[in-house]
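Both of the next two complexes hold chain A, though its partner changes from chain B to chain C.
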Partner chain A sequence: MISGELKEKLLKEILEAETPNEKAVDVMYELQKVYGWITDEAMSEASELLGMTLTELDELATFYNFLFREPVGKYVIHVCDSVVCWMNGYEVLLDHLKGRLGIGIGETTSDGLFTLLPVCCIGYCDRAPAMLINRRVHGNLTPEKIDTIIDQIRAKEQES
Partner chain B sequence: MKNWCQKDGQKPNEKYHYPQILLKNRKPDRILTLEEYRLDDGYAALEDTLKNLKPKEITQKIDEAGIRGRGGAGFPLGKKWLSIPDDAPFPRYFVVNCDEMEPGTFKDRVLLHTNPHNLIEAMIIAGYAISARKGFIFVRPSYETLSQILERELEIARQEGYLGENILGSGFSFDIVVHRSGGRYICGEATALLNAIQGKRPNPKQPPPYPTTRGMWDKPTVTNNVETIVWVPHVLRHGARWYKSLAATRTGEGTKLYCVSGKVNNPGCFELPMGTRLSEIIDVHAGGMIEGSEFKACIPGGASTRFLTRKYYDVEMDFDSFRMVGHRLGTAAIIVFDHKTCLVDATLNLMEFFARESCGWCTPCREGLPYICELLRKIENGDGKAEFVGILKEMSKFLWNSYCAFAPGAMSSLESLITYFEDEIFEHIWEKKCPFKV
Partner chain C sequence: MPKLIIDDRIIEVVPGVKVIDAAEQLGIMIPRFCYHKALGSVGACRMCGVKFVDGPVMGIHMSCMVDAQDGMVVSTTDPEAVEFRKYVIEWLMLNHPHDCPVCDEGGHCLLQDTTVSGGHGIRRYPGQKRTYRDQYLGHLVAHEMNRCIHCYRCVRYYQEFSGYSDLGAFQIASRVYFGRFADGPLESPFAGNLIDICPTGVFTDLTTRYRVRRWDMERGDSVCIHCSLGCDTIAGARYREVLRQEARFSEHVNGWFICDRGRFGYQYESHENRPRAARICGSETEMDKTIDQASQKIDEIIKVWGPEAVACLGSSRSSLETQAMLAEFCQMKNIPGPVYFLDKSIANKVKSAVSRLDMQLALSMREIEDVDFILALGVDAINEAPMLALAMRQAVRNGALAVVADPRPVSLPFEFEHFALLPENLKDFLFALIKSAVNIEDIKPESNARGFAGALPEDYPGDQEMMDRIKLLAEKLRQSRKTAFICGTQGVTETLPDAVADAAQLFSHTKEKSGLFYVFPAANSFGAALWDNSDKRCFEDILDGIEQEKIKALIVVESNPVFHYPDRNRLEAVIKKLELFLVLDYLPSPTVTRAGMFIPSQTVFESGGSFINQEGRLQYAYPIHRGGIPNYQQSKGSHPERVYGLGIPGNDPKPSREILARIAGLIPNDATTRDSLEKFDYFGHPFFAWLNREEYPFDNIRIIPQKSQAEPYSASLNKDLMPMGNVIKLLLVDRTFGTEVLSAFSEPACKVESPPVVYMHPSDASQAEITEAEKICLTLPGGDLEVRLELKENMAEGIIVLPRHRQLFWQKCHSFDEWMAVYKTIKPSQS
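Then we have the complex of A and B:
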């Protein structure tokens, strides 16, 4: 269950909107932060907060690339596979990432840290090849750079 | 072509320096603050407008300048605003499209990381011109940092009295919110965008009614691209003639943000007179082709435009010049391919993008794109048959029967691949392999 504090914050935002539906994606983003993904529990909470049916919400949750209706790792890696990254070595990078993490596209590492997903052009084609980790951009990627990024995250996680 | 800054005695390459309006205050690591923007006459147009101009007069001035929409379609800004009937109901909404999901395009990102207050000022004036109560900036998820910058700067503007009730004592009230997208290419299409903001599944909606009559919550709604709307304060300050004179060609107007990516030395976003030649943009501003690469083709306006070959390397990059040679300027995002890149494979990549991002609402698009991918993939992998080319040709026409402009846009690269690179396709088929793969 979400905290009373978050609930209040969301209800206030919903009240300020033109209609509650306007906040549907925002609310789901917030619940996703709490649960890691949009669980059935999150769905019913969103439905209650927004006064929308589960079907209306699922129509959105299943449509958008950044809302997850299935469990994902703590770090979601979105690798850009659109045309500029593709011509600048995306395939090599993807192979490297897969090898490094030991997972394929759409899979999560067994420690629950990383999920690997494809994404279309993220608007950083001037720094292709590029990827997002939890919506943060990493550009001009090389296999070495990817190793550094992954190592840093792993080290950070081991500390905490 | 006119060279705007060329003066006697200047070094030759300085002839390629042009007035910077939108990216004038570009800094490597931060935005222009509200204070700095004000020192550069920022918010002066707003103060002047609220004091001295009636909404209709603003629209008139904007219409005179002939600003054309930079979101891809080139529709005149003034005409769109004028299409709101005088007796249209209230409240009205003004929406800024910062979805920017057209592959190759990143101009709005660069623009707003340079000067967010230019957008905020422009939106308030636009809101006043169409008597709107609320503005929305629709931002894609991969621009999350931008959403945060915008929210922070909106709050600063609010504290300065530029937003909220009774702005600068004028009696006009207006506020702006950032709307975060859940992330899907179709949301950039103007009618799908409005559904997205309303929390509906973002399928497009064919007009009529037009959004300017009945848009969000059935109320009049105007949508503009970031790069279109930011011109408003500049044009109000300097006038329509100044605006038109910024262009390199008579058919162009203003400057244009050209994005260049792919096989060039210096990919990036460049503010240049609209109508600057493609050759100059690639050879000079983008630093030319990378070593060992020759220009083979480019996609000049984002993934929804046609392959443009060497034949038009010198084309002037404005809406009309492009139309005259059978191309579309789109977002003027130039994706450069070299002679070592297989264009069948590139087109397959583009078709996979469209197949994945199709909203699924109508059958030709939803079913047609995966089928096209399958045929192209077979050709690329050496399993193609000669008759596939005919089927692909037919499909590229058939998908025009779709519900929205997404599918015709998707067909641009496929159709032009067949038109200009048929030999390359057949080489795959006869040799039973991709000639670019060793």
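Then we have the complex of A and C:
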């Protein structure tokens, strides 16, 4: 259950909007921060806050790349599969990532660290191919660069 | 008017018509998936690509997205267009399973047809197909998402057209999923249309799954008789059993769709306990002998007690042919004319409504979609006439304002303004509204309209707040261009139908259209009103007559008074006093089981028949099959028994009109041809005098007069009276499922009905010191009735709304419409 404080904050935002519908994605995103992903419980809370049906909300939640309806790893990697990244060879990088992590698209590593997802254009075309890790952008990627990034994260995790 | 050339042929169309429809007018069916006339264009599936070879648009474009324009030259057969479509269908087929042999859609599948006609025969894609988990969507609709080609028709229909939001489009790109948030029954009472609208087999009929292919059926045009709207349908039968009732496009009545009561209510036809043999005192007898005996018995009673000692009860669900024959029967035997309504007050309301319908005022259901102001009085569309709610929704989607004044907790799939008023206040509301909206100077001086408008009461009695709301509405009514006045005939006062007709007429001079639309209690109430004799001897009089031993015989034709009459104990006592209780019907109804003499009749699917809907449209339902015990029932799913014999097993039932004609001696008992019946039709009534008898049967003809003979502006201006003191009204109402007599014997419809319930306003409940509960006890004149209570804020105060549920012994009310003292009436359940 979310805190009364957050609930009040969200309700206020919803009231300020012209229609509750326009706040749907924001509200679900806030709830995702609390739960780590959008659980069915979070869905019903969002539905209650917004006065929208579960179907209406789930139509949105399952559409957007940054809303997760399943548990995800600690680090969510979004690999851009849009035109410019494709021209710059994102497919090679994706294969590399899959091999390195031992997972396919939409899957999470068994240690719960990484989830691999596609994303459509993140506006980093000038530094293509690009990807996001927990919404932080990494551009001009090469297999070597990816290895470094992954190694750094793994090392950091082992320390803690 | 744009003129264009499609495949070397010239066509002129009205502006705004899409090229795909222009082609269809020429008989050229351009392949399509996402495009549907009811839903409009989205250009999503890319299947309807054609080549524009000359004119304002050039090259390959989607014909559903381009308006037909002058000078266009379009080719649907150009090699480039053909190749384009070939790739599209190949691409749409990538993930589609090759399960046509076990798919219920196979044989009438748009995807199948288009794949073949598109020239895609050999699969080139070697990859894995995308798969989904299917959902349980309730008892009516089956779900097979693997077959989906993502045309979005289902969601556009379900959400946009019909206004429900529990079916949605989830996920993204190639994983798009059409379903519910979680498994569960679809909430819309129009969900069955998904079966028709899905171009492939994602949504199919679960109720008769794996039972039949369309090409195996005996199919024919039929009319839905589960409410008074008369939606056009196609019924299909196989192996002596109707297995489908599907929507048939109707330009004037239902458009492309029907409701689930209509779609799944037909299985009374093949009910396991359907009485198929004649019976005397409970034991089966031969049909011909029973008819002879009935005839002799009636003659005997007439001889001893006089013709007055015989009474006939017809029904509003019978065809015109049957209704007319019953009247003819009475005339021949010189017995007082039949009654077709159990409630004289409803008979009066339907009759006054019928007398007011004419070509100027009457609206068709499709015309409602086009109005910009709807005033519905005493109508709960979704429960009484479901498709009306969809028509009203289309008007609201086009910007109309919908106002519903009704005591019930009305819930509709669109935004509307609800005035929860008692039946006795509906007329006050109507008069206050039209008085505020009408400008006396605008009214034609020639008629007595001015006098009527002038005499209308100024205010809504004793409620300033209400008057303020009414004034705001009046402004909207004044500004509206086309207005629909909708009026119910059940649970409203007797003077209301006339008053609503006058209101519609009053605005007919100042508006482009000011139309009138009634909702009647049953499919052929209109016809019943033409022959009904309640004025002289109503059903109540008949019961009195039997009790006083003046009436000795009661003949009931396709009516079920044991269910519909609100005092069952009295009725049962009365039945016992009769010398002859003769029942003709096709339902295993409680009336049939109590019949002293029973003769089985045919359903509309076997005998066919004409019906007049509530807007005065004469329609004909064709016979679909010959009847008999369904193979499936006889064989229990295995091979049918090898019994050799002439005729069809269980095929004794005859059309009611034939049985009546034989009893009356109009045709010899051994006559075998249907032709001998031809001269007994409904043309004896002056109402049909202008029709050419030779052209029988008539279908889709408005038979109301150009100008109504009834005196306009004669509605009573007096206030409908309400009893004083601490009393509460009991209102018996209909539900979408569970109260309508035919679908109450149809298994799928029974499966989806909600349990019996009674509704009250919270303030009435607190006054009676009860709370929402699984069971409360209503003390009715005929004894206690235990039922679940639901409290509803959005209903009128001072009323108990009780649906006439088939599982409930509500026939203890003793009156169709009653006021009773409140504290005596309701208490918490004892059990």
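Assume the second predicted complex is superposed on the first by the 156 of 160 C-alpha atoms of A that agree within 3 Å, B and C clash if a C-alpha of one lies under 4 Å from a C-alpha of the other, contacts with A are read in each partner's own complex, and residues count from 1 in each chain.
To be clear about the criterion, contacts are C-beta pairs under 8 Å (C-beta built on N, C-alpha and C of every residue); 3 or more make two chains touch, one makes a residue touch a chain.
Note that the coordinates shown come from a computational prediction; the quantities given were computed from them, not determined experimentally.
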Quick check for you: in the superposed arrangement, does A:E18 touch first (chain B), second (chain C), both or neither?
first
Partner chain in contact with A:E59 - chain B first, chain C second, else both or neither:
both
Is A:N140 contacted by the first partner chain B, the second partner chain C, both or neither?
neither
Of chain B and chain C, which one touches more of chain A's residues?
B
By the touch definition at the top of the document, which applies to A:V83: first (chain B), second (chain C), both, or neither?
first
When the two structures are overlaid on chain A, which partner does A:L132 contact: first (chain B), second (chain C), both, or neither?
first
Check: chain A residues flagged as touching chain B and also chain C 59, 63
Residue ranges of chain A touching chain C (in the complex, touch as defined):
43, 53-56, 58-59, 62-63
Chain A-facing residues of chain C, complex
165-172, 177, 180-182
Interface with chain B, chain A side, in the complex: residues 18-26, 28-29, 50, 52, 59-60, 63-67, 78, 81-84, 86-88, 119-128, 132, 135-137
For chain B, which residues are in contact with chain A within the complex?
100-106, 109, 134, 140-145, 179-185, 196-202, 216-217, 259-263, 267-269, 299, 303, 333, 335, 337, 341, 346, 349-350, 352-353, 356-357, 359
